[in-house]
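Presented sequentially are two complexes of subunit A, the first with subunit B as partner and the second with subunit C.
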Partner chain A sequence: MSLIKKPKLTREGLLAIIVAAFILFLSLSTNFSSKSGIYSFMLDVSPTMVAAIGLSMIIFTGNIDISAGTISGFVAYTAGALVKAGAPMIIFVPAAILVGTLLAGLNGYLTVKFKVPSIVVTLAMNMVHVGFYATFLPQSGWIENLGPRFTWFGRARMFGIIPYTFLVAVVVAAIFIFIMAYSKFGKKLYAVGGNAQSAVYSGINPDRIVIKVFFIEGFLIGISALLRALTRNEVMPSMFIGRELFFISAALVGGVSIFGGSGKIIGAVLGAMFVYLISIAMIYLGFQDYYQFALQGIIILIAVFITVADFSKWKKKRPEAPEGAV
Partner chain B sequence: MGTVKKKSFASYLSHQVILVIALIVVVVTFGIIEPVFFKPRVFFDVFAIVGEIGLMALGLTFVITTGGIDLGVGYNLQMSGIVFGLTWATTQNLALAIAFALVTGTLGGFFNGLIVSRTRIPSLVTTLATMYLYRGISMIIAGSNNYAGFPDVLQKISTTRLFGFLPVQFIYLMVLFFILDFIYERGVLGRNLKGMGFNENAVIYSGVNTKKILLGIYTFLGLLCGMAAIVYLGRFSAAKTSMGDNMNFEVITAVLLGGTSTMGGIGSMRGTLIGIIIIGVLKKGFSLLNFSGNIYNFTLGLILILSLLLFSVMEEHKRVSSRKS
Partner chain C sequence: MNEKPILVIDSIEKSFPGVKALSDVSIDLRQGEVHAVCGENGAGKSTLMKIICGVYQPDGGKMILNGADYSIQDPNDAYARGIAIIFQESSLFPDLTVLENIFMGHEIQKPILSFLKSIKINDYPSMHRRASAIFERLGMDIDLDAIVSDLGVATKQMIEIAKALTFDSPILILDEPTAALTSKEVDTLFDTIRKLKSEGHSMLYISHRLDEIFEVCDRVTVLRDGQFIKTEDVAKTNRDELVTWMVGRNLDTLYPKIEVDIGDVIFEAKGLNQKGILNNIDFNLRKGEILGIAGLAGAGRTELALAVCGLTKLDSGELYLNNKKVSFPNYRSAQKRGVDYISEDRKAFGLVLEMSVKVNLTQKLQPKISNFIGIIRRNEEDLYTEDSIKKLDIKTPDSDFIVENLSGGNQQKVSVAKALVIDPQILILDEPTRGVDVGAKSELHRIISNLASEGRSIILISSDLPEILGMCDRVFVMKEGRMAGEVMRDEMSQEKILGMAL
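Here is the complex of A and B:
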């Protein structure tokens, strides 16, 4: 018997290895490893990383947000409209994030106060948002020629290769990994998702936790939408429609259980990278854009299947030692 | 004791009564703004508009009653429609095209049912994933093509009017409604579905094979999606990769408006039918008033949220008043 503990390969560890292998293969066979390849990968993946963290926290509590994509549209529009009106960055960034926070908070409030499942609330909100863009925003929210005051942050890079947006995403990820691992709030969140009833008996108010989580998710969606919008010279809310698919599949690929109560933030971050690497690989392989939809669907199914499949049953099939043989 | 308990006014209001009142209000409003709305030919257009949505919504009521959901019925319809278009374009054989469309829809539903019934993956995630899968498949098949130029016989399936005003979709909906309503309210299957919505384990322990039932209702919903695709193509005679875009939401709204609970166990086919008609009236009314599809979506989303809040408050009221007595 050895005293050294065998290192156990966690799901997140496995995913990290897959992501690393993927990056290695991509850089061997294509020009992915070039300066611009790495730069654009980091630029593309950072908004999804941040949003996937938000979605993961929602899913930890056993809820979901289908309107995350359309909320992003409002965030981007707010930022664009304020810049056009001449607001400096210190104003338009917090204002835009606030819009995201409030919209997601509204979802949380309706979910908790009226006991309507979050899937239905956010599905309906998705429709309301999309209808709102086209009906009430001037030019359906299309704003162009925003200029360097809007884009300087999104296009700035460190050492000529690391986009600032990626740095923001990494910092956000680090903060939330820390919060979920060490804070009381993180523990409560898992407790609510695992079993709301027993959470109540241990003195936790699940309703308050769920509302808080929706607000936090909205905050993260706000950051995520800005990370994407600030790289462009124009803003179009409908650009974000359907983005929630990427956020949700990143979280699920990262091992966040759809039943709530388990999963890790680092998993969601790696999941976001995985989802992007797959789509980059498909582009290099010459697949059309619309293969993405089918592929994302299949990825979600496989990821969730691996999470829920009861592998312990398979192990039992191995022949057992007869009794008394030990 | 001994006194007749006075019922509060609110207790007389069931979901369906409120729905019917809402329906009448909407109809009268549109009729006053646009009097042409009351012409039978125009008014009964409502049923032509909701033909395909209605077929799918009636099937979806079964699924939602068990506590499940299907987010992607519209894209199953789209996939079936595209397969129809492809088959027609290559073989020019209408019967074969219809058969392939029905088979595609059924397989789409069967695949959902298989995953939901055999694995522990919730229907929400399953259908979210297959929704994009089916959308992707239809885009891969069609590319940027539109399929059109279908024979006139196909149009008869959807544009025939009985007595000069009643769309044939009314007959399809009514036939399906009476069959499903009978199963739902009187049949053993309906009782088991509601039981599964409340407590699936209890139904399993009473000796019912719930896996088979789940597989069956998702497959049936798929078949209805295939049928709806044909009804849709009869009306528009072009299969496009955008045909299912808005339908997922409309179908779910019809069912939830009708008072079927996403928590499972509670619901009614009659409610769904009224929900379908409300959606049709809104759609027809908005198109008469020349409102854009976006205003319609916005309104529909608001109506869904408000109706859910209303139902939720009513439930709470009932619970509180029953506790008091």
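Here is the complex of A and C:
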């Protein structure tokens, strides 16, 4: 029963090569490699990187969060409103992240408590959030002229080229790659998503894990929303509507299985980069916005096929023929 | 092996809604023995195992471990007390590595930094060393970083064993460990079991494969219908005696079989093959005949039925209906030729439980009673529904009653009535009386008999041997995807059928 170890190109490795090839291609054929090209890429990709990590962890457990975009809206609004009220960064950053954590935690709680699939809970919450913006927030949550107290961090750069937001994203990614590899908790996520019954046999309480992972995702959504909001002089919650599609597609392109139980954080990070590189390539190739959206979707689909297509998974999930008597 | 019991199961009781799963079951497991627990399907083996390892809580009785009473809340508790369960290979996490699997939930950890004792991280070098040592003990060379889904079934079973061994448990429980293994792999497994035994482990070995019990076990406990029957030294008994204990029931008068003149062969199957599931199956069916198909769980009975009526694809094989070659590429084509199947799983495949009796009854009738744009003619629907309810004596307050709220027996009658819409000449019934009470069972048997006397041919798949004996004119016994034998009505006995099936 000996097994010979053979070097195998992992999904993440394949994706890393694709991303590198893309960057090389863009640098050679366009002025992407210019200072502003690289800077704006890093600035744009940071929030999606962080959120894709959160979504990946949710998806590992076989769940999903459709309300990640609209939660981001609340986070940005909280930060903006507190700045307007005169709060310093030490107050408004934690407060905004806390709002994200609690809202996502509520999703997790409802999912577990009422045994409703998370796609249903979070889809409904997405709509509740959008309605809340329009109904209860003054001017639908639009706040302008926030000033440098709000924007200094988002616009700050290291060596004149690396945005601080990107540094935050890289640190977050490193921490979570470490957590997934070296903590009991990380392994449990895969167990719950891979085979919940066996997880119970291994002494794991799937409900507790799911609630925890939603709180953690909320924390990451909080950071992600701030990384995006702090680059602008105004906040508008509706700006974040639909962002979850980017987060989820980044995770899926990165090889995270939508069925749960498999995938890697580094994959989600690379997936986020890939999604942005495509849109940059589109712009350089001169596609109009609408084409861009459609083509981006198609390319994501192809990427998912290359990196995730695992047909045995499909078979497993199909209802099986009834077995013999017990 | 010494005589001192390490684990005593004393008068355990367990009920599920409507079913007494275990009553007054006692087993004592001695230090260093391999103790087999055997019984037919549904005898309560798996329930007992789940109680011992804390997945279920018993309703009564007690368990004594090393001379002290014990009760456990969950599998973690069992592991902590030195009881490890070796589940079937299917309970591994397919996308994780071997190492991640065997330490899932109880990873070895170390402090993240020497001065930061409270934050612990997984200690992969230690886990590697520990796992390597265990696999070495098992005489196995394995890549600990391989993804489990890339490995073979036998390797997966060994991983389950390795996982149990990481707990250093003196007591191991093996749940049908050979279910998915080939005979060569079984030999390797037995060597491992003997090795573990020589190291002083005590094992409960749950299986319904009798040959294995004689090969590797010291004592055997037989369960039947949730009851404790007997514990005996393996050396002092034999296969036939075990079968008698496992069966041990008398035929009652439940089965009102009507004698029918059996006609010519109307259906014949030749050389049916489905890779890994069905192996070269031949059988025929005569007009007015009730043909039983017996066998253990997983023998391929349901799979045969699904293949015959076009619900799954055959790799090879021929079907003849009235001596003419036919093929059923899909279920609809089988129904058109008058072949219908009633699933054993009413809930998943038979009925729409949340809908009314009427909707369920007329599901297959809808094309006939609707007009060209698909609007159903209500009066015909009502007429047909009333007729079926009367004919099969379905006990329902009215035809709009939700099926879910009917009793199991009446639900099953609705399934049968639904199939009769297409006037099938060949009706395959898969476990038609499972989970129904005695009264409804006898009514269903009367209905089945009546259908046969109308000249229909019935294939009756059943795990209930008395039912097979009472109802069938002939029985085919299946084993591991093959036909293991054929028994005519006048030669039938439970021992004979079970002997072929095991």
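Definition applied: the second predicted complex is superposed on the first by the 287 of 326 C-alpha atoms of A that agree within 3 Å, B and C clash if a C-alpha of one lies under 4 Å from a C-alpha of the other, contacts with A are read in each partner's own complex, and residues count from 1 in each chain.
We take it that a residue touches a chain if its C-beta (ideal position, glycine included) is under 8 Å from a C-beta of that chain, and two chains touch if they have at least 3 such contacts.
Worth saying up front: this structure is predicted, and the values here are computed from it rather than measured.
K.L.:
Based on the superposed arrangement, let me know which partner A:Trp152 touches: subunit B (first), subunit C (second), both, or neither?
P.N.:
Neither subunit B nor subunit C is touched by A:Trp152.
K.L.:
Considering only touches as defined above, state whether A:Phe25 meets subunit B (first), subunit C (second), both or neither.
P.N.:
neither
K.L.:
For A:Ile119, is the partner it touches subunit B (first), subunit C (second), both, or none of the two (neither)?
P.N.:
After superposing on A, A:Ile119 lies in contact with subunit B but is clear of subunit C.
K.L.:
Between subunit B and subunit C, which makes contact with more of the residues in subunit A?
P.N.:
Larger number of subunit A residues touched: B.
K.L.:
First (subunit B), second (subunit C), both or neither: which does A:Val200 touch?
P.N.:
second
K.L.:
Output check: A:Gly261 vs subunit B and subunit C. Expected answer is one of first, second, both, neither. What do you get?
P.N.:
In the superposition, A:Gly261 touches subunit C alone.
K.L.:
Overlap the subunit B and subunit C contact sets on subunit A and report the shared residues.
P.N.:
In subunit A, nothing is touched by subunit B and also by subunit C.
K.L.:
Within the complex, which stretch of subunit A touches subunit B?
P.N.:
Residues 64, 110, 114-117, 119-121, 123-128, 130-135, 245, 248, 252, 258-259, 288, 290-298, 300-301, 304-305, 308-310 of subunit A touch subunit B in their complex.
K.L.:
Under the definition above, what is the set of subunit C residues touching subunit A in their complex?
P.N.:
These residues of subunit C touch subunit A: 41-42, 46, 55, 74-76, 79, 85, 87, 91-96, 100, 104-107, 109, 121-122, 140-143, 145-146, 149, 151, 154-155, 158, 295-303, 306, 311-312, 343-345, 348-349, 430-431, 434, 462-463.
K.L.:
Any idea which subunit A residues touch subunit C in the complex?
P.N.:
Residues of subunit A touching subunit C: 1-5, 181-184, 187-188, 190-191, 194-195, 197-204, 257, 261-262, 312, 319, 321-326.
K.L.:
Please name which positions on subunit B make contact with subunit A in the complex.
P.N.:
That would be residues 69, 71, 115, 119-122, 124-126, 128-137, 139-140, 143, 241, 249, 252-253, 256, 262-263, 292, 294-302, 304-305, 308-309, 312-313 of subunit B.
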